[in-house]
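Heads up: the structure comes next, in structure tokens.
Order of writing sets the chain letters: A, B, C and D. Residues in each chain are counted from 1.
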Amino acid sequence: MDATTVIAQAVFIIVATLTLIAAFLTVLVRNVFHAALALVGTFFGVAAIYLMLEAEFLAIVQVLVYIGAIAVLILFAVMLTRGLMQRDTISFNRQWAWAALVISTLFLGLFILILQVPWLQTPGTAIYTDLTPWLGTQLLTTYLLPFEIVSALLLAALVGAFIIARE
Amino acid sequence: MITQIPLVYYLALAAALFCVGSFGALARRNAIAVLMGIELMLNAVNINLVAFWRYGAADPVVNQAGIVFALFVITLAAAEAAVGLALIIAIYRSRDTVNIEEIDLLKW
Amino acid sequence: MLERYALIGLFMFAAITFPLAPLVLAFLFRPKKPNRLKQSTYECGIEIQNQAPEAESIWVQFRVQYYIYAILFVVFDIEVVFVYPWAVALNQMSAFWIIEMGIFIAVLAVALVYAWRKNLLEWV
Amino acid sequence: MDILSFIFNPFVSAYNLVHDTLTSLLQSLGVPPDWIAIIVFLVMGLIVVTVILIVAPVLMMYITLMERKVVARMQDRIGPNRVGKFGLLQPIADMIKFLTKEDIVPQGVDGVSHFLAPIVAVIPVVMSFAVIYFGVGMGAVDLNLGLLFLMAMGSMATIAVFMAGFGSHNKFALIGGMRAAAQIISYEIPQIFAVLIPVMLAGSISLNRVIEQQSGLFGLGWFILYIPVGPIAFFVYLLAATAEINRVPFDLPEAESELVAGYHTEYSGMKFGLFYLAEFLNMFIVSAIGASIFFGGWQGPFVQQIPALGILYFFGKTFLLILIQLWFRGSIPRLRVDQLMNFGWKRLVPVMLGTIMFTAVLLWFYRWFLESLKGLGG
């Protein structure tokens, strides 16, 4: 193995481990505020994974939207509903043992499946230019219909959320 | 740099993240924590989409389907979080709890 | 491309050590004489009742208005994500593409108008 | 001639000199080529990072002094003048004071959030320095998405504010943190939209590319001169950016008459110092972005012949924008919460939505005009 391979794989393993630790904390920590902070850490790790896949626009969108907007939305909701939460001493519901069993079986199955399929080991082509203008072009030609539907979806979600949340 | 990391690594990471997220969604008592688990699952799906785009597309510049779909997934996640959290806040206001075991009006 | 982001990663390490260094320095120099009065919560001269961690005495029930603004912010943040690639591709674009983005922005402007009309943007 | 070109472009020349010396040194030592690339990359990266991390706190310290001096003059006072000539050593005295102050952690705080909040506040600001261009070719990283990266870093400030507000175990901090978060997210949208106008005019999100596009008219083809969209976008950017970093007149989260000190009520010593550092570095970053995308950054007359001038132009424009923000502070009273939110959502956002579409149509007509001219000539 040459130098770049060692470094690339080491970086990937470090980032992936940190991401998974943050994800576990999100799920296991009792305090919901701390769980939300761990969630922010997970989002950051996933952004780093996108960078390794050379999807820089998506990585920055991940920081901008997931950390800057969705995490903030979750934090606002935590703040708005915290009042009586401190009395809870247990963070899991009654079915957690069953859930853990099912999920670990699922993970084992998925893992064995992933290992058995002969995936392509290397990407097909190198990325030779800035992706973002091409992305804009494709959004407005190939994916025009979903693109316009997204705006309608956002409008619907916003109106619905307003009606539900308003006193 | 990217050529030295096999696709399997990304898929394994995504699978692990998905399972952690779904455990959170199934086992937490706090409704907001359940939503966080769902966000983790969506992130895992996005990793898969982008990994397959990068490794599978014949020309990753001209055919950016993976990135476009990841963008749509992010949009959906945002819409889902907005409506879901609005529901949780509304329930909190009427029932004074966000514990999913106590939100059982429809059960009887 | 990845080399640039490797440099950004280097910057991130530096950015994490950058605030830690003065904290460590201050830890070495500063006096450490805590007492009960110093450590009490700041309350404008009123005696604080319950000092236990996560006590409800410091809890404030916030208005749902905060959440309404957060939703509006999320929706427009998503719009930003779609508008930036469009803006970069603008110099090779026909009039039709501008109309398409016009429709997209108009639909989200409807959301703003809706919130405005329903008096959801009022703080009071 | 060689010395002259070194003087005309000192920093880039020094960088290249060190880079070439290091490479040839490693080659003479017989290091394999792929390791040479990695070592040179790491060493040069560390040098750049170190230089920026030394310059940033010095900048911050003298912006604080500048603020105190300028605001004092506006209020018919003199300002700090005891420590050193004209108070020039005052920031150093302040720093020593921050270092020797006791760090009081009140009972009942949420340990993790309270400790991490100031650190999280500083990290994105320092990372923003990575993509700023201080002169011709004097940027650490030329990202394709530099401006979007800067906006993403700006949006991370909300998390730190939440952590400080939640972790402090104090009502004032809690209310201040919530208000700050609501304000930051409300003004982030107009700010990102205002940045979009130069991006559309330049056709690129890279900060360096946007600056290079403003080279017309002997380096005076700045985007603010593209009437009417340039001035509108700049005006919105200035207001939104001021609100985004919680400066006067938008400093409601820290309104001392209602909220003591907002989300940093319970912070003292160096932790408060870090919040202070983040605030002033944010001010510099925001002004630097404004100077780069609306006033041409290092662009100016004769900058092609003498690149060193670019540094002067950049810092001159940036400090002019900082001065405007200080002028706000010296002359405008604080807004009310409802006024603040109304101004953001009911004025700035609709104006920017209209401006974006207007700019697109203008650009299209401009291109159509050029093509028909070409058609006439051919």
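Methods note: a contact is a pair of C-beta atoms (placed from the backbone, for glycine too) under 8 Å apart; a residue touches a chain by one contact, two chains touch by 3 or more.
Small disclaimer: the values here were computed from a predicted structure and weren't measured.
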Co-neighbours of subunit D and subunit A - touch as defined: C
By mean Cα position, the chain sitting nearest the middle: C
Winner on C-beta contact pairs when A-C is weighed against A-B: A-B
Inter-centroid spacing, subunit D versus subunit B (mean Cα positions, whole Å): 33
Gap in Å, rounded to a whole number, between the CA centres of subunit C and subunit A: 18
Inter-centroid spacing, subunit B versus subunit A (mean Cα positions, whole Å): 6
Cα-centroid distance, subunit B relative to subunit C, in whole angstrom: 21
Interface hub residues of subunit C, defined as touching at least two other chains: 1-2, 5, 54, 62, 64, 66-67, 70-75, 77-78, 80-82, 84, 87-88, 90, 93, 101, 108, 115
Where subunit B touches two or more other chains, by residue: 1-2, 71, 74-75, 78, 81-82, 85-86, 89, 93
Touching two or more other chains - residue numbers and ranges from subunit D: 110, 143-144, 148, 178, 181, 185, 188, 205
All touching chain pairs, where touch follows the definition stated at the start: A-B, A-C, A-D, B-C, C-D
Touching residues on subunit C, where the partner in the complex is subunit D: 1, 3-8, 10-12, 14-16, 18-20, 22-23, 25-27, 29-34, 38-44, 51-55, 58, 60, 62, 66, 69-70, 72-73, 76-77, 80, 83-84, 87-88, 90-91, 93, 95, 98, 101-102, 105, 108-109, 112, 115-116, 121-124
Touching residues (chain side subunit B, partner subunit C) in the complex: 1-2, 71, 74-75, 78, 81-82, 85-86, 89, 93
Residue ranges of subunit A in contact with subunit B within the complex: 4-5, 8-9, 12, 16, 19-20, 23-24, 26-27, 32, 35-36, 39, 42-43, 46, 49-50, 52-55, 57-58, 61-62, 65-66, 69-70, 73-74, 76-78, 80-81, 83-85, 88, 90-96, 99-100, 102-104, 106-107, 110-111, 114-115, 119-125, 127-129, 131, 134-135, 138-139, 142-143, 146, 150, 153-154, 156-158, 160-162, 164-165, 167
Subunit C - residues contacting subunit B, complex: 2, 64, 67, 71, 74-75, 77-78, 81-82
Subunit D to subunit C touching residues, read off their complex: 41-42, 45-46, 48-50, 53, 98-110, 118-119, 122-124, 126-127, 129-130, 140-144, 148, 169-172, 174-175, 178, 181-182, 185-186, 188-189, 192-193, 196, 199-200, 203-205, 260, 265-266, 269-271, 273-274, 277, 337-338, 341-342, 345-346, 349-350, 353, 356-357, 360-361, 363-364, 367
